[in-house]
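Starting off with a structure, shown below.
Lettered A, B, C, D and E in written order, each chain numbered from 1.
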């Protein structure tokens, strides 16, 4: 049972999400589904970040009334992964938006969302 | 001019010349005797006259014997070394091969066969001579180096023999080329031919076998006769 | 030896060789005729023929190279004579060694080609197709003959550690058993077979191939040119025979010995020719690639270890 | 089928990579590395109560700049991709279903409130959870609402891009001021740190967050507007 | 100096401001953007100059005023300065190039472009790994966006695939970063290096994830389909940026992050690099799309760089130099080629023939391709040299083979492409139009390549000695290419003679001999150039380039100089050869064999260098590391030039199809370069070294077989020049055999052959070339009877074939005589017999040559041809006089040569007694032979002329023809398939085994490429699969294994 900590659950969920994402974009033919898989993948990494930051029984890294500012070190979780997660989320947003736009463009050309139809470039 | 252009031009001209051949209503001439044009590598056009361009355009000259002892000696040598052109012109050529057999053996008289007129000094006109063959005989005879001798074998060469009224054979050989020795008969036996050789040797040794010079001297006359009998004269006038 | 004396000897030797060549030719024809039961030509026929050819009154020329053909041919023959030690007298600078550099083998083998080249070119300018065919055949056969011949010659060169004919002949002096024929039988056998091709009699007479391609290279030649070529032919035939004699049969100590040996060598090829019909070119070439080639290889193997 | 099995095996491989990572997990008890440093010193050094904000805006300010750039890039790319070949087909106007009464009415009330809330979130980014990105996103949601309520209304691209530009230049300018006035690019100590935990504190962080908030809001808006203006397929 | 942070601040500031500035109009916006790029480039340049002068030390730039790892820091050192400079320069030039697209497109494109360049700068400079991740995402996004600059179905697909792939890769990187932080508590790269992650449990996998993602960014084979699609479909201006700037930056990232991993990773990076290098170059073979081809090449080059990176411990101090050389060449060349492809607008490789309509573009393209392949004077040449030297020096011969094999593959497709450009059919193609703003960047990178090449050479001790004056002369000739032939020819000849005048006093006898052949012979060959009219555009620079190379190898005092000259000569001769009408495939096989040979040579020289500190030519005398193999490799290198059997298939076509006056250059002169090399290396091996007996024995047999098979092949040629070409193969075989004998006589024979072959093959090729110019065909059966029209040509050919056949008294015999003496002394009897037979066969084909061309029947269309041009006759007759002199007075040349050879082979000398040469087997005298044969000949000739003085001159059809007349000259001339009978007998020797072998090899390669590239099915999903498979397999190999 020693492995069944909240942190490890976070890790496991993150990894599983990532694996589901990979499974998705390796098997799904629909481009939208691939993008969703990517979003899953991305979310998995965010979850990992949060899990990395987690320390049992601590609070968010904001020094307000609930945190003793002198003893903050022992009361808050790691702020760095949170910052990274923020950045990663924004990046993921940008990429997802772009992917959708590209899909839109592709759909205009062939009226299909099947990725296997777009094989004009090869070899 | 590039190679491509050249090829194109040549093929065009070929097509034209074929068209010309079809259109012309001339008598039959061999295609290779037609006037034709070729394209030179620099693109200029060369006109070819096949009956004229390829052949030396000069009459044979008279080469008179010098006389004296030297000439006699040389005549002896010529007489003892008669090289006969291996060219069977008619039916009598069947009588020539036995001469090399042990029974007749012409070698002992210094007579032997040569395959090329350049190296021969005797020519056996064997039997009837068709007009068609006459062309070849004339060319061959003119190509032989002087002094050269003609042996006419069989009656047909004398007066046409049994073909005296044939449309395609000649009646008198010596209207067309000078003859040194006539061997009469139809056909004469090989022994007669051998006798002809002996006679020829005598003539040569006596310095009387100068028919080559006679031919050169009366060349125009001979040529006129030849052209009269050969209707389709499609050969150069002078053969070398 | 004084150069003028040497020149005199050489000229005399040349005279002998030319005449012997013609006589040898006549003799061979005589032998052939007798075998066929004929009387045959008189012995003096070649000289008469030569005389007649020199005495033609008209002659033609196809151009400059046409002239040069017989010239090359005759100089090739005479040169071959000059570079060949004829009679072994025990001295390097002896009377009958000509201008031979002790008979350098490489020189002789390459100089053989000189005459052929001239002939080939002269005939070529004649423009007669049969000439060209004859030459093509002749050169091809020459190259094929050289295979066993070179193998054997190299073997002899190894055997005596020299490329000088003079030294090879010197080494064969003494007893008949010193001849290469006995000391190096494979090489001798290869050469004896190669000789057939080199001397150009039936079955290897496809160069001239009478009645097939007229007379081959000489088709367009007449009169004086032909005379030159006949002379050259006589010299070359003797010189080929002398080469083989020097290489295999112990050379000659006197002109008589030379005449006898060269006659026998020449007769060997005529003798074979009497029996066999003409080869086609590819048959001729492949023939040299078979037995003579194997013999030549054996000859080298025998002396290279 | 074979392909799926193959991919499954492949996933097992990837999983094994992850497994060997997690095999080493021990439960974390203490902060370590820079996280510990920030927990100990950030409040003093930067005066920001929200440590994440301190990290995001100052310590890792360059990342944030990059982040903003990514959004900016996305909006720019969307802008030009979606505007491609738009010209020349003005006649086929977009047709929208009219918005419902409730939506229209509610939006009139809600939009100002959402705007104010967004502004609040990014202005208080150094004190409470939130910040420029979050605030910007909230502002953008107000725009979504307005678009939903009035689909046929046009929002001026030029206006959005002007705001975007001004905010961006402001951000960069604040960064450069950091070099001039303080000790490095994006240093927030160009102004007094102020009293810890009050609104006017943490140096330039609120200023920067205002720019970020405006910028993010404008960028998201421009993305949305661009997507909205895309003509129907077919 | 301007703080590097302003690269970011200015770029981003302007990018953000474009929203406002854009209102001022397109032109202003573009100007602002370009000036920003210029400013960024200026900052990098400023720093680069400071670092270059050595005064500046590496600087850290701290953001937010805190030291790392607290905050993100950037680093500006020499490497960063260099790489940012490269990125910014190509950004600026690319921006200029793209002006027309910028004008058409929305202003947002400008923003994206600027942000892309900024992002590249940051990923180079940053020392924070998460920051790296962010800016790598910026780069990916902006590239994916810019793909849409040229929007169509293909680019949309490529953009999507690219985006999906890079985001998955980035995801992997992010996971790695997360756990790196988790294990170490820091994000700073320097800290990560210091913590030595691999020692931590689980750290290995973190390192794996980080590195594999960055490697995947470098597009390793085969997980790179997405990148190729982008290369193919994007607008060329973007391709240039991706290939030159983005790849450069990504490479720098790898080199920076690699330190986290530690040394055990180096090997794997090299391995992945090797697979990528070989794999993508292999697939390049099947490409017919120019941009995709460039993509393959770019990826291949990155693979090469990865190999080098993996060897940085072994390369040590030389690493930056090697990387710089290869990277910079790739960078300039690839940018230039992509831009060029945008100007030329030809998709298919074959359509690039259109470039020929603007010859100067051909020059640019050639510059780029040669730089890519690593020809001098470009930086990649020096880099490759150093790389091979160091790799061999450390015993990594396998890697040398990999590097050289991959380069070889690359050369194949690049030169095939170049071949299409030079020789392809272009009449149906429309001329492309040129915009000034597109021209300028191409020009700048081309010139920069030369300049950087010069500086690269100066940078090292070895390179600094190289003489660039001949190259400058080439440049001058290139500059005056618009002048008429007469002027250029005079200048070229004068230049060569002047060079000879300055050089010859310093040369020893062997070198002098070859220098005379190369330079004096070359000048003579150039005389024939006066016969050409017009400009003869492009001929003189390349001819002089070849001669520059030739004289370079003679004057070389170091192996580098030698190799430098060798490559110049190869390049020049390639251009010369490919000038011929139908010479495209032959030019290709020539250059490929040459490059193959050059690589063998390079490897050999590398092995020779082991254990020596200098690069002097004397290291060849004492090879310590695997000497037999080293000598064998060097010899193989030279044998490709002498066209030894097995390596000869390029020669017949190359020499046969070359221009009339080029054939003598490439045959009589160029082939001697290989001989010169062989002489040098065999001298080095030493006369009495039993160690190499097998080598020389094999060489001897190779020579002998070359002799015989060359002759046999020559026998059955219908093309006059091909016949001569095969004859050259055979003759070179003699030389190789003679040298392999390794005795005094053998070498003397070989040198005699060198001189002879120069003389007669020069005359033959020159004459036949002149004849071909007149009659317009190469086929012998289409000629005939030309003696009537071209007596001068006939005499020249007659004399030289007598010499060539080795018939006494001309000089060919001297060679043969020495040769057989040497062979018998050595005991190589069978070789001797083979060569003897071959000279019989030589006689056959020579007869055929002279007969079918000059004798026999004159063809109708040649009735009016003139004799060969006077300008061709001059060199021919000069050399004829030389040939006759050498024939009759061989001692004038052979005696000094013998003395010289006696240095190396003191025993078994040829002794001279006056004009008589005496060996142990016999003696012989050239002059006596000449006098004897000459006098007999003249005597007989005079007699004949007198006796036939009245001969009647007849014409061509006056032949005995069985009483008939020939019909046409064509049917009377015995010329076609003359040796049919011989063929029936020896057809077995004419089976083109070698050609079949090489064809099979190439087919195998192409089939493999054709099969392998099906991997790139075009399905974006499968590309993803490749990435995942790549990750898993690499994981299994590196960690799991």
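Annotations
The definition used in the following text is that contacts are C-beta pairs under 8 Å (C-beta built on N, C-alpha and C of every residue); 3 or more make two chains touch, one makes a residue touch a chain.
These numbers were taken from a predicted model, which means no experiment stands behind them.
Take chain E out of the picture and the remaining chains divide, by touching, into A, D | B, C. Fewest steps needed to get from chain C to chain E, stepping only to touching chains, is 1. With centres defined by CA atoms alone, the chain at the far end from chain B is D. Just to note, of B-E and A-E, the chains joined by more C-beta pairs in contact are A-E.
Averaging C-alpha coordinates per chain places the centre of chain C 106 Å away from that of chain D. Between the Cα centres of chain A and chain B there is a gap of 108 Å.
With each centre defined as the average position of its C-alpha atoms, the distance from chain D to chain E rounds to 54 Å.
Per-chain Cα centroids separate chain B from chain C by 36 Å. Among the residues of chain E, those in touch with two or more other chains are 130, 134, 137, 141, 144-145, 148, 151, 175, 179, 181, 187, 952-954, 956-958, 960, 1025, 1028.
Annotation for chain D: residues touching 2 or more other chains are 7, 10, 14, 18, 33-36, 38, 59-60, 63, 66-67, 70, 73-74, 77, 81. Of all residues in chain C, those touching 2 or more other chains are 58-60, 214, 219-220, 223, listed in ascending order. You'll find the chains touch as A-D, A-E, B-C, B-E, C-E, D-E.
Chain contact summary for the complex, chain C toward chain B: residues 33, 36-42, 45, 48-49, 51-52, 55-60, 210-211, 214-215, 218-223, 226. Touching chain E in their complex are the following residues of chain A: 18, 22, 25-26, 29, 31, 34, 38, 41-42, 45, 48-49, 52, 80-81, 84, 87-88, 91, 94-95, 98-99, 102-103, 105-106, 109-110, 115-116, 118-123.
The part of chain B that touches chain C in the complex is made up of residues 60-61, 63, 65, 74, 77-78, 80-81, 83, 86, 101-102, 105, 107-108, 110, 112, 114-116, 118-119, 121, 145-147, 212, 240. On the side of chain E, the complex with chain B involves touching residues 581, 774-777, 860-865, 952-958, 960, 962-969.
Residues 4, 7-8, 10-11, 14-15, 18, 22, 25, 27-31, 33-36, 38-40, 42-43, 49-52, 54-56, 59-60, 63-64, 66-67, 70-71, 73-74, 77-78, 81-82, 127-129, 131, 133, 196-197, 223, 227, 230, 233 of chain D are the ones touching chain A in the complex.
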